[in-house]
């Protein structure tokens, strides 16, 4: 066998071709793969640590039960039974209103609460209608916060979804190329506006503007906050809807046009329905964005924890509650734990929305356009 | 076609066009109103002076300084990790593998997690777990790292901006033609050599876009730093990673909602908002321009 | 006949479930030009890429059988693919210069082999570009981007880049298919010159080209090696009817 060892020869033999172990190759692959998993790790850690800080709410409850049992044996703590009474009577006040929404599991826990009682947050008191975390008799009812969040989300989506979807349809189906290349970057820029800037704009400008039109009393309310949040949701809904619309195969629209339909009929009756799963995903992600938005809620909604359907009333959202109160709580306090519990709920909710948008909608789109079973 | 139908069509197209222009109009109004309100107070001195008289007068230099420091530390953490994740997804993971799909899902989830949750995580993980742990181990329980500071705030922000970097870099890596990778491998380069010498240099503009977008996002977000390190007022600039810092966005929030005299400081508020808006706007504009060039190149 | 450089034994390749190559057995001699012809999709490019294991990069590829280069089975678990590719170089259908200067393109291979000395690199770059008949055209602009060269020049620079690694075998995958006739002629002239020192395997869809440059020709059809022999014989008196039909242009 001939070896061509000219000048800097590398000899082509069994030896030279033997598998070499390369440290740089080995390490780079291990490190890159390791970092690749970072995103998954972060998600898991977020869930773990946010939830971990809220656990004491459930944990201390058990401890108290144990204590109460010993107390009862000794029959020494009269003060303790006083607390029991005030607390159980406090529960009676709103026991009826929330009975419908309570699940059977909670019912059993309610009984526990009545037995030992404390100012700790319990499953029952979390379903209360009053959010008064810093009063002498603190109450951690999440209902008003949920109502406020839902109200503002509804208002924001009612504004954002139609505008963003119609604008996306304009961009995808009607606008000339040059205009489209102007609209898309402009909306990308809107997506880049910090929410604190939008919040400031809502607080200083929009609140007075809408007050002049509608003549309501409180400058800051769910309506102002909702419209401001629509500004934050529009770029998300627009972008995803636009993608979904442009992903509709051209054969669909060409077939429709060939049958004599006009451009607008094709857009409305062919393109738009074909893209519904994508649009649905867009709305879901828009909801997720509004649901967790903090700064706009803090600045433009008035932040009073009220329950009601009037859109011109002040509301307090879940995210804003965390943002406003976390800096002032005592670490490890019940209030602190409840704020983390709210965080866990927010996280679970947005995670589910994202998962739903991801799996359900994607599967549908694939089926629709490729006829594949997935 | 019947006349009625064409009227419906006109109305429908009109409605879509109106929606698009409404969005553009709101963007313009927002820009104009903020700039109009802020330009009277804006000056070189405003950018370089400290606040005075309980923030009633003076400039916003510490807030600018704190914001710049925040995004710098954040970028140092987010850009390398984001880039490496993008490399993993494009070069190492098999497109259809469960691992790659799970990571992609995690990245998208990370992008949709509300920013306030990152703040909670920063508090629960960085400050209470890592920070307190460091204090216990190295300082015998003396409080130094177990409280809000610029390091924890920056790392929290880095987690938030990680997906921004990953998505941009991944897009850029995909524009490096397969032929170039093959050429490199056919010349006897290893996979890592190919990535280092061909793929990464070829995605430089994407890494830059990702960094700019991350910086812009990090400069504007307030919720993650509310309780991980931002301070209302500090007489001195932060000099150590364990110091707290002032921040443009936080400054706006505090001044607009908790200032003793909102009306008197209104011009300062508008000017501060204008600075933040211009900063993020220009950064985003740069990113949009680089990216549109990149996309044209890819076609 | 010269010594055998590459041997394949019952080489079969699957893309997922689909068989792309069916039990190919052939001997490729040293320092001659062997051409693979056949209609597109016949497996000739796939086969070429098995010879330096470029197919490893494609997921879902399964290979059975053997490829022996200098009597070493390159699909052996103990084989180092990176070093294999240094000895079995490849020139691609589409010229694929790196977005670097001409100098850096050619110096890429030596650099990854650990040569960093400037004078040594300059020497290798000059020799390689001369061997590829492009030195005269680019010697004054070695630091310009390789992307600015014409298609034909790019392709010759890519050949120079391959030569700089000092391979023994050069695989060419339709190297002139995207070029004009003048550039094609230059490449063919170059191939003729290179076979003095290298074993060359070339895939081409252009039969005149195969007839002009090759010593041996293999005809592939639907993943099978139909006929393999001296180019002259294949083009004048093929044994198989299929080969004759393809060569006379009745299909493909």
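Chains: A, B and C, in written order; residue numbering restarts at 1 for each.
Note that contacts are C-beta pairs under 8 Å (C-beta built on N, C-alpha and C of every residue); 3 or more make two chains touch, one makes a residue touch a chain.
Source: prediction; values computed, not measured.
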{"item": "Contact graph of the chains (line, ring, star, complete, other)", "value": "complete"}
{"item": "Innermost chain by mean C-alpha position", "value": "B"}
{"item": "Where chain A and chain B are represented by their mean Cα positions, the distance between them in whole Å", "value": "19"}
{"item": "Centroid distance [mean C-alpha coordinates] between chain C and chain A, Å", "value": "56"}
{"item": "Approximate Å spacing (C-alpha centroids) for the pair chain B, chain C", "value": "48"}
{"item": "Residues within chain B bordering two or more other chains", "value": "190"}
{"item": "Per-residue multi-chain contacts in chain C, two or more chains", "value": "82-83, 86, 113"}
{"item": "Chain A: positions in contact with at least two other chains", "value": "22"}
{"item": "Interfacial residue positions of chain A with respect to chain B in the complex", "value": "22, 24-25, 28-29, 31-33, 35-40, 42-43, 45-46, 49-50, 52-53, 162-167, 169-171, 173-175, 183, 185-190, 192-201, 203-205, 231, 234, 238, 262-265, 268, 285, 288-289, 291-295, 298-299, 319, 322-323, 326-327, 331, 339-340, 343, 346-347, 350-351, 353-355, 358"}
{"item": "Chain A residues touching chain C - in the complex, by the definition given at the top", "value": "1-2, 4, 6, 8-10, 12-14, 16-20, 22"}
{"item": "Of all residues in chain B, those that touch chain C in their complex", "value": "94-95, 177, 179-190, 193, 197-198, 201-202"}
{"item": "For the chain B and chain A complex, residues of the former touching the latter", "value": "1, 5-6, 8-9, 12-13, 15-20, 22-24, 26-27, 30, 33-34, 37, 81, 84-85, 87-89, 91-93, 99, 102-103, 105-110, 112-121, 123-125, 128-129, 159, 162-163, 166, 190-192, 195, 213, 216-217, 219-223, 226-227, 249-250, 252-253, 256-257, 266, 269-270, 273, 276-277, 280-281, 283-285, 288, 292"}
{"item": "Chain C to chain B touching residues, read off their complex", "value": "52, 54, 57, 59, 82-83, 85-86, 89-90, 92, 94, 96-99, 108-109, 112-113, 158, 161-162, 165"}
